[in-house]
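Structure incoming, see below.
Letters are used for the chains, namely A, B, C and D, taken in the order the chains are written, and counting of residues starts over at 1 for each.
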Amino acid sequence: MPPAHPFDFDAVDGDTLHEECGVFGMIGVTDAANFVALGLHALQHRGQEAGGIVSYHPEHGFNSARRFGYVRDNFTKQSLMETLPGALAIGHVRYSTAGSKGAQIRDVQPFFGEFSMGGAAIAHNGNITNAEALRRELIERGSIFQSSSDSECIIHLMARSLQRDIPARMEDALRRVEGAFSVVAMTRTKLIGVRDALGVRPLVLGKVGDGWCLSSETCALDIIGAEYVREIEPGEMVVITEKGVESTHPFRSRNSRFCIFEHVYFSRPDSIIGGRSVYETRRQIGVELAREAPIEADLVCPVPDSGTPAAIGYAHESGIPYGMGIIRNQYMGRTFIEPTEQIRNMGVRLKLNVNRALIRGKRVVLVDDSVVRGTTSRKIKEMILDAGAAEVHFRIASPPTAWPCFYGVDTPQREKLLAATMSEDEMCEHLGVDSLKFISLDGLYRAAGESEGRNNSCPQYCDACFSGEYPVEPADMIEKGFKLKAAE
Amino acid sequence: MPPAHPFDFDAVDGDTLHEECGVFGMIGVTDAANFVALGLHALQHRGQEAGGIVSYHPEHGFNSARRFGYVRDNFTKQSLMETLPGALAIGHVRYSTAGSKGAQIRDVQPFFGEFSMGGAAIAHNGNITNAEALRRELIERGSIFQSSSDSECIIHLMARSLQRDIPARMEDALRRVEGAFSVVAMTRTKLIGVRDALGVRPLVLGKVGDGWCLSSETCALDIIGAEYVREIEPGEMVVITEKGVESTHPFRSRNSRFCIFEHVYFSRPDSIIGGRSVYETRRQIGVELAREAPIEADLVCPVPDSGTPAAIGYAHESGIPYGMGIIRNQYMGRTFIEPTEQIRNMGVRLKLNVNRALIRGKRVVLVDDSVVRGTTSRKIKEMILDAGAAEVHFRIASPPTAWPCFYGVDTPQREKLLAATMSEDEMCEHLGVDSLKFISLDGLYRAAGESEGRNNSCPQYCDACFSGEYPVEPADMIEKGFKLKAAE
Amino acid sequence: MPPAHPFDFDAVDGDTLHEECGVFGMIGVTDAANFVALGLHALQHRGQEAGGIVSYHPEHGFNSARRFGYVRDNFTKQSLMETLPGALAIGHVRYSTAGSKGAQIRDVQPFFGEFSMGGAAIAHNGNITNAEALRRELIERGSIFQSSSDSECIIHLMARSLQRDIPARMEDALRRVEGAFSVVAMTRTKLIGVRDALGVRPLVLGKVGDGWCLSSETCALDIIGAEYVREIEPGEMVVITEKGVESTHPFRSRNSRFCIFEHVYFSRPDSIIGGRSVYETRRQIGVELAREAPIEADLVCPVPDSGTPAAIGYAHESGIPYGMGIIRNQYMGRTFIEPTEQIRNMGVRLKLNVNRALIRGKRVVLVDDSVVRGTTSRKIKEMILDAGAAEVHFRIASPPTAWPCFYGVDTPQREKLLAATMSEDEMCEHLGVDSLKFISLDGLYRAAGESEGRNNSCPQYCDACFSGEYPVEPADMIEKGFKLKAAE
Amino acid sequence: MPPAHPFDFDAVDGDTLHEECGVFGMIGVTDAANFVALGLHALQHRGQEAGGIVSYHPEHGFNSARRFGYVRDNFTKQSLMETLPGALAIGHVRYSTAGSKGAQIRDVQPFFGEFSMGGAAIAHNGNITNAEALRRELIERGSIFQSSSDSECIIHLMARSLQRDIPARMEDALRRVEGAFSVVAMTRTKLIGVRDALGVRPLVLGKVGDGWCLSSETCALDIIGAEYVREIEPGEMVVITEKGVESTHPFRSRNSRFCIFEHVYFSRPDSIIGGRSVYETRRQIGVELAREAPIEADLVCPVPDSGTPAAIGYAHESGIPYGMGIIRNQYMGRTFIEPTEQIRNMGVRLKLNVNRALIRGKRVVLVDDSVVRGTTSRKIKEMILDAGAAEVHFRIASPPTAWPCFYGVDTPQREKLLAATMSEDEMCEHLGVDSLKFISLDGLYRAAGESEGRNNSCPQYCDACFSGEYPVEPADMIEKGFKLKAAE
């Protein structure tokens, strides 16, 4: 059951971006669901609201469990895990967009479908930009949707495919789907992974003993002791059975446009993306920031926890001492059930406290990952000044976020993004800080390993949230009235 | 209800010390219980198993709620907080020792007693070293104990006191009690705070608007926006009513022996103790360590999160770059309900992962707060070496922990403490690291602001866990066969 | 969530027949779902495992709630009922067959489907005898089933119908369905009721104020204060809107074959079926039994509660005193969660106790509704003899149950039915009673108001469980190997 | 946890009397707690709100479990019963008075106390009429009460007794206690049973194999297959060990004054009291009523279920046919959690429905067990007339209830009792029935086996609720202003 009257602290606070999903699949080990549970625990930062696992066992068939709450509170229990036997399993963690009418367990992936040639389960990270049109078409033809999730389209498209085997039906289905998708799926004998042609969302292949796994990030390979093999390539489909991994490239090849925000914020710092350490990229962002936007100051502080690597880089490059000026309460979560008025009004003070003794009288550089609505930044600035700081300088580890993401990240509407309506100077004044500097788009690309910066004619990443250049047209949103940059 | 078959990950892992309690009291504000809940949330690190709040309202009398789990999961709910009306409330968070026969809600404080002159509630941080003798005596006289908690003695002693008012009865009771105690209590009109004669456990006074509060640490004043007034003095009792604060010193004055481990580990880094920032003390421990035990290396890494400030100090003083070599999973908790075998065996990998890209090929200095049994240290060393580190050097921000604490900290039996049976060199070999150094006792005192180091004839702190010098004789334990240092 | 490890006492005991469902629908009143909840409470005897309600409100759309457990424990709560606003609602209670792999909330009706012309919800009492063939066909065409319930076929058939409005689609769908069905359905503006061409399962129309309701039995009209209007006719469809009731007869007219076991056992004694009181029919069965199978005895006792009316009739007709020789524990339910071994072995003693003082030394006539496997009858006989009865004579208010029902009643496999393998005399010996007599089929028909008894060429009722004459061929079962009487 | 916002249907309806408790104890069998659970299930009618069991095992010590809800929903679970090992156990079911500030699990018996010579648990059926005075005295002396239950006095009195063994301490304690009590208690080796000097509440001794049990009623012996040995005598204490049963009579012997209402309503019809079948007494009440208050009519109907035996007797004696004119919904319970307004207003229709076809046009005799406030009787009369009855005659199986009970039965205040303010004729007019007759006090005594009727100089039973003659002075109530009959 969904929690009664939950209150999403971040949602109201409205000032962070959220990855919407993480996926993990495993084949070829005893009790694969246990591995999936551990993998999902390591991917929990990609989706904290709910999780689901489907497993297959030749005697017991397909079994599934879907639960609200953290993986560690549900999928670590003997009694639940015993209901998920078999050597093949896939799982999903999800974040749910605030303001939806109420989370429902039936919206939690993986989705399962029984076809004439057997069952299949599917879990998806990303977003389908033509989902509403597809849904209308499928309903018109007589499909019954059981969830409000756009990902359910894939399973219905598969059900209606004329192909004779499930991987071929999945190809059929995904050809109709636009947007970003990293899919993990399973039949009774196969673990399947697919990445969209642009490779917007991550998906990696790992190996542990005789088993294989697919994961959104490498940090989930580490927890199960798996060896990192390689990334699934943009447009690639892998079908893994007991005999090994078969690879095909069914989707039209295009230049890769991996999401650069995965480097800035979404992925865990101990993950490796494109052969590059996320931690190192973030530290390097701090170094670039210190070069692009130096300032005379006494202390460099991260806004915990996401600003920490960039703050370390900034401090190192600038020579200004690094310190923990803001302390994070480790017992915070994102949602509250039926909270009191006082809790609703607490805002950021519920999770962050200023280290007053350290801050007092100092000129402080605060390093944060991004500015979305700016509400949190304002409150932090106030807390820092209340504690007696002499000056407050914000350094932001990403360019101004001026455009919403339609590829699987929960962003506010464009009007609510501070950078959509204000220049950097206006934002500085609005926030009331002594200085505010964002890293440049080129600086960010350099920190991510592109020594020449951004190739504007053919960008190496998807950076639509900064540039407004959408590599896949967001069809549903345009139908609803969203204006592209060119149209402004 | 207590969780069914909980599995305490830390307990089995057996390698951390735990503060057993935090207390908070509030008077003179509307809905005092809401303030207490926020205070307890900020003190959650002092006790994560359970929490309780008692409030008093002239019309609705005394009300109480006691719950297993985090404060934020229970005491933020409108529906529960409405049952705790009134301008006067106290609360308690507690940690429960592993291996006890099973946590019971009736053991959760505050305890309440109805006396002929009215009711009183009491919450206690510390440990009563003669509790078993007192309990036997009270049962002999006809008292019925409702819990297995030693703190319940206080309320029974109060019930049997001949004094006519409750503060006087509390004085009477506490005179019979030996050990460490910071007590927060309430009657229908008074908020009462008491600290034992040695002041082993912390207790501070704060003010917000017309209201007053008592708290284990100052970080809980910050969250409710209260101003820090002063510490309650060792041996002092304060009785707070609408008219203000009355102070008496009913207990024999002695030299203060505040727990030095509060500085090292228990208290939050953003708290102020004895006028001194906990963060600054910890950072300074790192500085002292770098002076006492320098090493040539490429990277200083904290064991998160408690080793972080000392690692920052070590890096700064040594000039070796600081980096996040170990990443902590933010979604870990301490206990699991009916966990699978695999979860039971995961150990530290469930909460920590090595940042392999950063570590590879480097000579790494790992800074941790303490070594208890050494099991975690061994596992971390292995993870670091597996990730390809060239050398691993441990630097520990406290002296060797060779003696158990009997004043409110959960420590293993003496035989299980690594430092009780091994020298520093033996421990280094046992852990299999390239070097292992603990800060000296004098170095620790210097870092805590005692520029001359430890005054051995009259130590400024309780450091029994390092020195074996117990400022209060642990009577119950001696009766059970514990040997003091002098007796060895 | 389904209860963990439930233990179905009746299922193991294996000695009762169970109606599988009850349906109720309401239109034209404020908060229709409240009326539906009351109606379902009155129909709880038709399905005790789970219940569901769907409502529609112009502003809030369709809402649904499905819960395991009794109606009174779920659908009486303010907090739940507030989530089901609107003037139009339908509901369902269900019994689940023992031995199924585990009840799932997704199998609980009503089922909901979104079509291109709007949503519809449907609830069904009965059983579809060609469901498996339909399911295979629908999956082949690309439908995704969300439940293991055969009733879900109807909604998928509707989704694929070419008709333009929902009642027409329902007609289309039900034409493909074989078996017994009394359906209650709703769109945004219409309440729809349908009965199969034979009218095997009951469905009645009621009126309360400006509102209309459809119900499995009249006892549910009484609880909401509704007036009984009429039965829905076999093969009739009614579409009720604000403007009134429209009736059509889309299904091929045939002779009605109402289930005679509804009179014997399933329906509540205070319901009216076919213009006839169920209580009166049952009392009359007792009268017929006394005439057909008289015996010299001291006491007539019902096996509570279902044998009571027939026992009253038997006592009255025979002149033997009536008494409560067996007392029923009012606090029994059907299922236990993770029961102890002792509970598993208690059998009938957990719910029935002999009134020893009354029974001792007496010749007792026990009147029961039916004999299924005979296990309960044996145990009751033993309890009665243990209590000192001089003689035990069983009189059964139905003919021998020798054939399974495929029209919505949960019956054991044919081999497990005592009467399938034994003659009346063999059963008497098997049960170890002094005499055993069943009412004759003709006697039963007479008691049900057919003064001439059964019309063997064209029976007035469905009595397949007694006669083996199935009015609709059970296609799925025949495919699975079930042998019809003619084939034996 | 107590259910949130429960709504006690009976309490608001206000029209029934409730026994407040049932007790059961067992010694000398493996897993005694399982037997106790079964016994309590059979005694559930004596207390439906909550239940508790304490057991003792030499290795595992005393264990207890206390739960809200039915015995069958809690104490049948393997997982719970495993926590209650040992060959010795006692248990309690309780009803809680409506209007109390909220049921608390700490008020649920058995109560447990640790004394210097070991622990003891105690469960109590009855009421202590000087509990408030005792409580004040005990608090004055320094006892801390953990519950609001008056029964807790007993355990505190025992704790303060100077005696050296527990049975002697219990004697000491019970000598200070006034009122009605049937106590079941246990130490580590003894099962103890005590009945007050008047024997107001029942308590019987049974034997099963090598084990012994104590129970409120004999129906609980039947369920565990125990043999009925004898009643505990008024003023007797039995101490049962492995060696057998020792009996003493520590309390001043007086004439027995057993509660006559146990015969009329509280006890189960299949129990034996004073060597007499409760069912037979009730049937005989019907016979007496038919003689005392004959009427010309067509049908005798019980108000189910408690009026059934008397209705059978009335019908038999009068020759008027017996029938089920009112049908009871078997799925009703006493309390609802947060019910909707509609449920709150449903009243008796939620649990009773009229069998309209049977009632129509008939002159009906309704036999009920008692009239308390008269609200239910009025509603039933209306339902019967709405269904078309020609006449309604009430026959009541007890004399007018004009006085509250202070010996363990929950009765409304005197002013709320219909018979306290009206004569029989006034009540008849108030209820609007064609005739209303109560059985006479003498008739009731005759039905209970006293062929000469009531001995007014020395009544054989406690009939204070009818006569106002209280065999034990209700001290606490008199202090609160209650006026005895003599004082009116």
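Throughout what follows, contacts are C-beta pairs under 8 Å (C-beta built on N, C-alpha and C of every residue); 3 or more make two chains touch, one makes a residue touch a chain.
From a predicted model like this one, the values you see are computed outputs, not experimental measurements.
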Most distant chain from subunit C by Cα centroid: B
If you average the CA atoms of subunit A and of subunit D, how many Å lie between those two points? 62
Take the average of all CA coordinates in subunit A, do the same for subunit C, and state the distance between these two points in whole angstrom. 51
So, what's the distance in Å between the C-alpha centres of subunit D and subunit C? 36
Cα centroid separation, subunit B vs subunit C, in Å, comes to 62
By the touch definition above, subunit C meets two or more other chains at residues 79
Which two-chain combinations qualify as touching? A-B, A-C, B-D, C-D
Which positions of subunit C touch subunit A when the two form their complex? 1, 4, 79, 106, 113-116, 136, 139-146, 155-156, 159-161
Any idea which subunit A residues touch subunit B in the complex? 31, 34, 37-38, 41-42, 44-45, 48, 70-73, 76-79, 81, 219, 222-223, 268-270, 272, 276-277, 279-280, 283, 305, 308-309, 312, 316, 321-324, 327, 329-333, 336-343, 346, 349-350, 353-358
